[in-house]
Structures are given as C-alpha cells and as structure tokens.
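Heads up, there are several structures right after this.
One chain, subunit A, appears in both complexes that follow, with subunit B as partner in the first and subunit C in the second.
Here is the complex of A and B:
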C-alpha cells in the first residue's frame, strides 16, 4: 500500500493549464494520473499537500478537483479530504478548491 | 567563330606592334557588354523601412505609428526582395511595443527566412557629460533581435535596467518556462505574494493563447501558420512589467465564438453605458473587458471561464490576498485596450479605449511599481 500523502510538488513545481492538450503538468493529467488513483486507494484518509510549488492557476485546481467529481468521486469523500489539505504557502487554496467541488456537486 | 576571328586579329596586331592599344579598346567594350547583361539580371532592391521614433503602444500616437509600420513591414517582408529595418530615428522601445515588434519580426523570419529581413543599427546618442548612450541597441541585443536576424550583437554598454529584460516563447502553456522566467526577476522587485499572483495570471494568459488564439489563420493575409506566444519580463525606469503576447485572432473574436450570445449581451450590459449590449456593435475594448468578467457573473453555468479573475487578481486581490498597490493590468487585443489599475490613495479604477489600427493579436501586461 502506497503512502496516503500526495504531494503536488512531486508531480510538478510548475502546475500548468487545465487540459493536457494545452501544455505539460495540467490539471487533467494530475487528476487522472495522481489524484484519482490516490483517492480510490485511500479514500477520505488521503492527505494532499499543495505546498512547495510556485502557485496554481484556477483552471488547474478546478479541473483537478471539480473534475474529480465529474469523474465519479463521491463529493462527500472529496470534501473530507479537503478539510485536511496542507496549504501553508497559500492558505486560501483550501477554500477555493472547496468552492469548485461544491459548485460541481450542485450541477450534478 | 568569333573567337577564331579575334585570335587571327590578335596575331596580326602583335606583328604590327599594336596589341596593347587593341586590348585596351576591347577591354572597355567587354566591360560595357558585361554591365549591360548584369543590369538586366539585377533583382528588385530591398525596401528600407524606417522604424518608428518610439516603438511603443502606451501612447495613442505611438500605437498608431507602430501599427502602421508593422503593416508596411509585413508587406515588405513577404516580397522576395526583402526588407531592411532602419533604426536611425528610434529613440525609445517600451515593453509592450518591444514584444509586439519582436514577435512580428520573429514570425516573418520564421516564415520567409533570415535573408528576408535585415537591420541598420540605431545610432548612439550623447549624454550631457559626453558619454555615448546606446540604450535602444542594448535593448534590441537583450531581447535577441539581432540574433534572430543572424547578426552578431555589437559591443555596447550594458544598462542595469536592460540587463533585467528577459524573453521566452513557446507553443504550449508551459508553466516551467513561465515560472523560470519570472524567477529571473531579482527578489528585491518581486516578493512571494506578487510572484504567485503573477504566475496565476501568466499561466492563464498562456492557456488562453494556446486554446483560443489560433482557431484559423491570422487576418493579415500572410498565411503564416505560427501558433506561438512570446513572453517578456522587464524592469523599466519605475516598474516591473510582465507581458504575454500572441499574434492570433484576438479576444474580441474568441469571446464571440466561445460565449452564448445571450450571456455575452449580459456581460456587455455590465461594461457599457446605457442598454447598448449588442455584441455586433460592441467595440473591441468593451469585448476585452467583458472577457475578464466571464466567471464573475453568476449567470455562467459551466465550470469554465475562471481565468478572467486570475488575470485581474494581482490588481484586485481576492478574499485572502490583498490587491497590489500601484499595480496595473493592461490588455491590448486587436483595436482595443482595457486597463485596470490600483493607485495608492485612489483605489482601483479602469479605463478603456479603441484605436484606428489593430495589433492583430493580444498582449496582456501586468505592471508593478518598484524602486529601481
């Protein structure tokens, strides 16, 4: 069983655009290759660490986390994970990601 | 046959001691004949274009002059004879003017080859104390203009501000390219909060360029399929500026293609006085401003269109990140310019204007006042 800590900085310290077709280190790539597998393995016990990167575009975050809801992840599990998210570099990221998940949930 | 006759004549003259005079007379005749043949094969000379006195977009008159110059440049570069750009009158290059100028020349060189475009370097000016100043040439060296043409950079003085000018380009929204360019800005000019705000905006601008700027050919008629973006970071006399430029169809076109008409009318009602919200009658500046507000309105029902707030965040701030004092966002696209700025003491204001000429593309610029 792999660690239940998912560090975005291990994926890239330069989070990119929304879609893979637009450029490297996209939200789509992060979601499909890192986030979804980790959520399926660890569920609500997953710890996501957002620190150590230059910054995040809103499109990257929405495609990663809002896109996880669109991909079938239970919003309740995702919101639980977001409660424990590590984001000391930019504390407001937690609330921003939460808003994307809630907004996507309301459109289901 | 003619050669046999000439040889026979030559031998006769040798016998008669008149060879030297004969050779001289025929030499000039042969030269005239050679010249006549060569002149009929001469190609059309290169067109010489005088670059504007101010390569700049900030002032309206300079904007129109630069756009007019670029119309002529594109036409001349497309001719087989090519073009020479003379900088003999150029006194200043500003960041926005510089990035547009470089990207247009780069596009032409990529399409037609280096041999089509040549340059005459700017003259040096003399300061009060008699020292020569070569600021324009220094900037052109720094942004890689002469390297682009295949010329070597000439030795000229380095200037502290100019050394901080950096450029990059690409065809994908590559955060690493953008981030590494931002990291070249000295830390004294860019703290972590501002760096994060700038990166957010830049990655969004690059994404927009890659996704929307080039759905079709550019309307300059040159049929050059070039999907690049260009990025500058520069320290001017009083500000750090970061710019992203593309030579695509422009925001006024893409917003009409990507947003439903009814929603676009709603956005225009927010940015235009009165009830004039017909997208077909909106100016380019109105459409640019509307594009930055796409996610702000609750009418938007999709998860897309978040980037407008990213572009504005450095200036306006967000729930937890304060706005940056003495900062600005300027977006030039086709004929329009929209500007949002925060002046210490007066808060956040916006202005917009439209021009006679189009830059045929988009430039997004962030500026932060710094002590240089």
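Here is the complex of A and C:
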C-alpha cells in the first residue's frame, strides 16, 4: 500500500494547462495518473499536499478536481479529502477547489 | 531654619526635580514610540494596499489583452504567477495586521475570471463578451474591497 499523502510538487512544481494536448503537467494528466489512483486506493484518508509549487491555474484545478467528480468519484469523499488538504502557501486554494467540486455536484 | 536644613531642602528639591524630569522623559518617549509605531503601521499597510491595487489593475489589463488580442504577448503562466503574487501580498499584510483578513471569495472569483479556460478554450474573445465583463467585474470587486480597507488607514 502506497503512502496516503499525495504531494503535487512531486508531479510538477509548475502545474500546467487544462488538457494534455495543451502542454505538460496538465490537470488532465494529474487527475488520471495521480489523483484518481490515489483516491481509489485511499478514499477519504487521502491527504493532498498542494504546497511547494510555484502556482496553480484555475483550469488545472478545475480539470483535476471537478474532473474527478465527472470521472465518477463520490463528491462526499472528495469533499472530505479537501477538508484535510494542505495549502499553507496559498490558503485560498481550499475554497477554490471546494467550489469546483460543489459546482460539479450540483450538475449531477 | 538653619543654613544646613535650608541646604538639605534645596538638595531634596533639586533631586526631586531630577527624578520628575527623568520620569517625564520616559513617559514622553513611550508616547512618542507608540504614536510613531502606529503611524509606521498605517503607512506600511497603506503602501501595501496600494501595491495590491496596482497589481490587480495590471492583471486585469494583461488578462484582457490575453483573452481579446489575437497577437498578445501575454501568456497564461505569467498571469497565474501574478495572481500568486497577490496571495503573497495578502499574506504579508496579514502578518502585519490581524484585522486584515484577505477577501477569499473576491480573490478566487478574480483568479478564476483571469485564468480559467473553458473546455472549448476559445480565444480571442470579444471585448463585449461575458468573459471580458467577468474579468472587469471581478477586478472591480477585489479593488473595491481593498479601497474600503485603505480608507481605514487614512
């Protein structure tokens, strides 16, 4: 069993655009290769560490987390994970990511 | 009254005046320190809020150029980093002043308006489009919040 801590900085210190076709370290790539596998393995026990990265574009975040809901992840589990998210570098990220998950939830 | 007792009284008065002088000096020093500290704090917060406002305006202008101008020299990672600089400025101000609580919703709406690309990634957009209006409105709201804050320091 792998660690229940997912550090985005290990994926890239400069998360990129929304889709893989638009460039490296995209939200789509992060979601499919890191986030979804980690959520399926650890569920609500997953801890996501957003620190140590230069910055996050809204497209990256929406495609990662909003996209996770569109991919079938239970929004309740995702919201629980977001509660424990680490984002000391940019505290507003928690609010932003929550808004994407809630928006997708309302569209289900 | 003898010469000695007069002399003693005089010395006592001089000593007392000396102590009172010292006490007054210390009191004035403390008052001066508190007043200048308060003035320095106001000045520091004013300067940082003005810096914040300038940066918001710059990001608004750059992002409108990015979204509207087909020949723009602005690129998205740069807009993203500039938004991060706003966060850093907010954190700095929060460290100076407990009463400064960064406006979370206003900032996130602004950042989304500037950096969120739609799934169809349409660019360039019209200056009259909803997206352009969203950028300007979000910028306005974020600036308004800080202008009100600025007034508390003037």
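Heads up, the rule we're going with is that the second predicted complex is superposed on the first by the 108 of 108 C-alpha atoms of A that agree within 3 Å, B and C clash if a C-alpha of one lies under 4 Å from a C-alpha of the other, contacts with A are read in each partner's own complex, and residues count from 1 in each chain.
The rule we apply is simple: a contact is a pair of C-beta atoms (placed from the backbone, for glycine too) under 8 Å apart; a residue touches a chain by one contact, two chains touch by 3 or more.
Bear in mind the structure is a predicted one, so any value in this text is a computation, not a measurement.
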**OP:** Kindly say whether there is room for both subunit B and subunit C on subunit A in the superposition, answering fit or clash.
**Re:** clash
**OP:** Name the contact category of A:22: first (subunit B only), second (subunit C only), both, or neither.
**Re:** both
Subject >> Contacts of A:12 with subunit B and subunit C, given as first, second, both or neither >> reply: first
Original post:
Who does A:95 touch here: subunit B (first), subunit C (second), both, or neither?
Top reply: both
**OP:** Would you check which partner chain A:55 touches, where first means subunit B only, second means subunit C only, and both and neither mean what they say?
**Re:** both
Original post:
Looking at subunit A, does subunit C or subunit B touch more of its residues?
Top reply: B
**OP:** Return first, second, both or neither, reflecting whether A:66 touches subunit B, subunit C, both chains, or no partner chain.
**Re:** first
**OP:** Tell me which region of subunit C runs into subunit B after superposition, given the options 2-10, 92-100 or 110-118.
**Re:** 110-118
**OP:** Go through subunit A and flag every residue that touches subunit B in one model and subunit C in the other.
**Re:** 14, 17-19, 22, 54-59, 62, 90-92, 95
Original post:
Quick one: in the complex, what on subunit A touches subunit C?
Top reply: 14, 17-19, 22, 54-59, 62, 89-92, 95-96, 99
**OP:** Please name which positions on subunit C make contact with subunit A in the complex.
**Re:** 76-77, 80-81, 83-84, 87, 91, 102, 104-105, 107-108, 111-112, 114-117, 119, 121
Subject >> Contacting residues of subunit B [partner subunit A, same complex] >> reply: 172-176, 178-179, 182, 195-197, 199-200, 203-204, 206-207, 210-211, 301, 303, 306-307, 309-310, 318-321
Original post:
Along subunit A, where are the residues that touch subunit B in the complex?
Top reply: 12-19, 22-25, 54-60, 62, 66, 70, 90-92, 95, 100, 103-104, 107
